[in-house]
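Look for chain A in each of the two complexes below; its partner is chain B in the first and chain C in the second.
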Partner chain A sequence: MMRSRSWEKVFFTILGAPAAICLTVFFWITSVLLTGIGTIRLNLLTTSALQGGLFEMIVGTAYLLLGAAGVAGPVGVFAAIHLTEYARHGRLIRVIDQAINNLAGMPSILIGLFGYAFFCRQLGLGISLASGWLTLALMMLPIVIRGTEEAIKMVPYNFKEAALALGASKWETVKSVTVPSAAPGIITSILLGMARVAGETAAILFTSCVLVTRGLPKSPFEPVMALAFNLFVKIVALGESPDKVFGIALILFLLVISFASVGIALRIYYRRKQPWLR
Partner chain B sequence: MAEVDIRKLNVWFKDNHVLKDLTLTIEENAVTAIMGPSGCGKSTLLRAINRMNETIDGCRTTGEIYIDGQNIYNGNTDVYELRRRVGMVFQKPNPLPKSIFENVAFGVKIHKLADGKKLNEIVERSLKEAVLWDEVKDRLHESAFSLSGGQQQRLCIARALAVNPEIILLDEPCSALDPIATQKIETLMRKLAEKYTVIIVTHNVQQAARVSDYVAFLYLGKLIEYGPTKQVFESPKHELTERYITGEFG
Partner chain C sequence: MSHNKCASPNFLKSFDKPVEKLMFLCALSSIVFLFLMLLFITREGMQALFTFGADFIIGPVWETNSNLYGALPLIYGSLMVVAVALAVAVPIGVATAMFVEEVLPFSIRDLVKSLIELLASIPSIIYGFIGVLFLAPQIASLFGLSSGTVALTASLVLAIMTIPTIVSVSGETIAAVPKEYKEAALALGATKWQTLKNVVVPTAKSGILASVMLGFGRAIGETVAVLMVAGNVAVIPTPPWNILSPVYTLTAAIAMQMGEAAVGTLEYSALFGLGLILFIITLVVNSLADIIAKKGIKGEKGL
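Moving on to the complex of A and B:
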């Protein structure tokens, strides 16, 4: 007995190692980035890129993110509702399921390439905000669909039964019971999807971004500036030294972290508020 | 109030033949108890009356159930309207994740029966009818989950009453409740029978004896005995019934 106990401890220690590594790397990145704090001044955030500021990149990134969420949110949520509540389980659904998994694992450079070929060229949207929204939405979709499916499956069956037994139709049940109960999980999955694409570079590389624009885009059909894209181009193409772009890196980092944190905080908040999820 | 006339009812779940050729007429204005050991098909019989069985995959039903002379299993029955007329209360209290008020108002809104002031009146009347009003009148907009189990169950009864049903189905409504809450629900059932057709499923023989006017005894999907409660309990015709009532099996 003693022997197996001590083995157990050894194994658990080994299993704990990856967690420890993750934490270490995370704090290392954080500390490296925080050293960049010195290089940014607050007015950089509001200064135009033409004067060496970050304003258009920050707002451009926000435009990209919100637009992508605006596309992937509704599409993903309705897809998930269909898959969980309406679709009959069969071969077609299995194929769709697998396609969603594949889309989730697709390298973003390929999604970017597809976006360029299809949205920019085929649909004629050109290098524009709109092409970026659609391309990023493709990357968000699997996260939104899977997250929403999970949230819907967490809604206890007896809620739906209660509504059906009162004479509610299936759609009324979905609309007024299932989706409101799953809403926190749905919102969380959209936020996590946004966190996933907030730092995305490859997908916007040749679909929506340029290095410098004169002010903010005036329509969805104009190109846009973005933090991740600028960071990439400044280092790779312009050969600027890394300490020059610390500011951009830090803002990008904080942006991604804050989306993920808000998502997680919301999830915790609603778990407390919704006793049936405990 | 409505009479429920069940004719040659058979229900299958996939290959499992759960109810076999059931024929019985459930009286209006009375409490009818369906009793029997676990797995005998009591709940399935109850859920056949509001066609809730068909929300489960693989369910197949043959035979007829007439409510006020109309076969609810013919093609042109509006199942949503049927479920308004036949209210249901479940084994485990299942309030919706909404306020107390919204729970009672839910069905009324779904069926567009009333809104505004009239809706408030319906909610109040239903909660009074379920003997819950005095306990919740000052906290109507609190979550339904803030209520105790017994209160939640009465809320579910109020919710079913709000849409003007004729029949109330109760599926072991007290099995998750303590004795005091159970007693309140039983008293309530007696009162409801003055106005509605009340059908209750129970595996509790004493409860069937206490609350019902008529009792049906089911065993392995078959109707073994059906009659006035007094008669069935005092002089059961079938040996199985007698053994079940005396607690020999169950």
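Moving on to the complex of A and C:
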């Protein structure tokens, strides 16, 4: 017994090594990118791309993100409400469930390929901001649906029963009790969805971006510039030396990491401390 | 559950409300779009499939200049890169999941899990950037190659990108092993390690397998990071297991060539054909993962 106890410590230490590797990789990537911080000057952020700045890319990325969230948010939340509150458990729901999982696992390049064939060509939107919104929304959708489902399931059942007992209809209950109680979780899931698509390159590669535009897009039917797309084209197609694009990489990294960490932190906070348990 | 329907007497009446129809449509959207994806990718890929027939999949030559599109080198490239990546990522990922769920004290568990999740949220373009800038030169000097953009580099980058998926999915199933099982084993005098090895892992087996499948699906669909470091040469390496030669993957071919391929040409169609192959692989792998994971849960309930 003593022998196996001391072996145990050895085993557990060995088991910890991979975890340490993961964390080391994360901190290494962060530190490598942060070495590029010297190349960024604040005026770079507000200078037009025509003068070597990043302004249009940053605003373009924001346009893409907000638009995609504007599409995937409502659709995802409605879908999740239907699935948790209205749907009868049966074959159709199982199929929908599988479809959501499959959509979540779809490679972004395929979403981009489909976006090109369907949104750009079939619907005639062309290479445009609108095509980018719809394509990215398709990637966000499963994340929003799953997150919202989880948030709704955490709302205590007696909240809903109380509302129903007071004579509220099903929809009134959902609207004024379930959704408000689940709101923090819903917002978190949208944030996590935005983190997923903020740095996405493959999906917008042929649906929505161009290398340089003259100023910001004036309508949703014009192409945009985006950080990820620019970084990709500059390294892969134009073969610019990596240190020249360090600034773009760093800003993209900080953008995505801040979205993701706020989302993750909020999720942990609300899982642990649900307001109604106080 | 059906009883929450009964709780609302208004249920039947309210079903015709437009909002509820709208919600139903939204719920259907994921099926509809998955179906449309299959439809449109197939439609655009038809021309190449008809022109080459089975040779589209088993043809060994992928050459844009001579308009020959056989996807075998690309399928091989994808599978090879992913196989090596999983060989690295699965042991590390599963061990990390075990460590995080079973060994780490509760207070820092969330922190470590969040950091691993952050690792997953780093965009693939950033991984590719780091791979080109730091990993590829290291690999080149380590093996004395003229260029470090080879299959091995791509596999290592992919492994790092796949680990978070494996950790989170297998971690979930490890955490879901009923406490009673572990307590029973410990009460019988098993050590913590014996409990982990003989009770926890066997019970979570199907979830761990599902996490590997999901990792496979994630890895084979990865595009940007892979194409930046894989070298992109559409030839099966000689010998076939030579991981120090450049490869071209399905995803890389689509991303690299789509920009130049004019609509309606054979090349354009062939790229959608690649998309179809990838779509089918991902659909099969993800569905299998789903079935395995669900089976595991059912099996536990039966106990």
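What we mean here is this: the second predicted complex is superposed on the first by the 244 of 278 C-alpha atoms of A that agree within 3 Å, B and C clash if a C-alpha of one lies under 4 Å from a C-alpha of the other, contacts with A are read in each partner's own complex, and residues count from 1 in each chain.
Throughout what follows, contacts are C-beta pairs under 8 Å (C-beta built on N, C-alpha and C of every residue); 3 or more make two chains touch, one makes a residue touch a chain.
Predicted, not measured: the structure shown is a model, and the values here were computed from it.
Residue contacts after overlaying the shared chain place A:Ser181 against chain B, while chain C stays out of touching range.
In the superposed model, A:Thr213 makes contact with neither chain B nor chain C. For chain A, the partner that touches more of its residues is C, with chain B and chain C as the two candidates. When the two structures are aligned on the shared chain, A:Ser169 is found in touch with chain B and with chain C. In the superposition on chain A, contact of A:Ser261 is made with chain C only, not with chain B. Within the superposed three-chain model, A:Glu161 lies in touch with chain B and with chain C [touch as defined at top].
When the shared chain is aligned, chain C comes close enough to touch A:Asn101, but chain B does not.
In the superposed model, A:Thr135 makes contact with neither chain B nor chain C. Residue contacts after overlaying the shared chain place A:Tyr116 against chain C, while chain B stays out of touching range.
Note: residues 161, 164, 169 of chain A belong to the chain B contact set and to the chain C contact set alike, using the contact criterion stated above.
Residues of chain C touching chain A in their complex: 1-2, 4-5, 7-8, 10-11, 14, 17, 19-20, 22-24, 26-31, 33-34, 36-37, 40-41, 43-44, 91-93, 95-96, 98-100, 103-104, 110, 112, 114-119, 121-126, 128-130, 132-134, 160, 163-164, 167, 191-194, 214, 217-218, 220-224, 227-228, 251, 254-256, 258-259, 263, 271-272, 275, 278-279, 282-283, 285-287, 289-290.
On the chain A side of its complex with chain B, the touching residues are 158-159, 161-169, 172, 176-177, 180-181, 274-276. Only residues 1, 4-5, 7-8, 11-12, 14-19, 21-23, 25-26, 29, 32-33, 74-76, 78-79, 81-83, 85-89, 95-96, 98-103, 105-111, 113-114, 116-118, 121-122, 138, 141-142, 145, 157, 160-161, 164, 169-171, 173, 195-196, 198-202, 205-206, 228, 231-232, 235-237, 242, 245, 249, 252-253, 256-257, 259-261, 264-265, 268 of chain A touch chain C when the two sit together in their complex.
Chain B makes touch with chain A in their complex at residues 50, 52, 55, 79-84, 87-88, 90, 92, 94-97, 106-107, 110-111, 145, 156, 159-160, 163.
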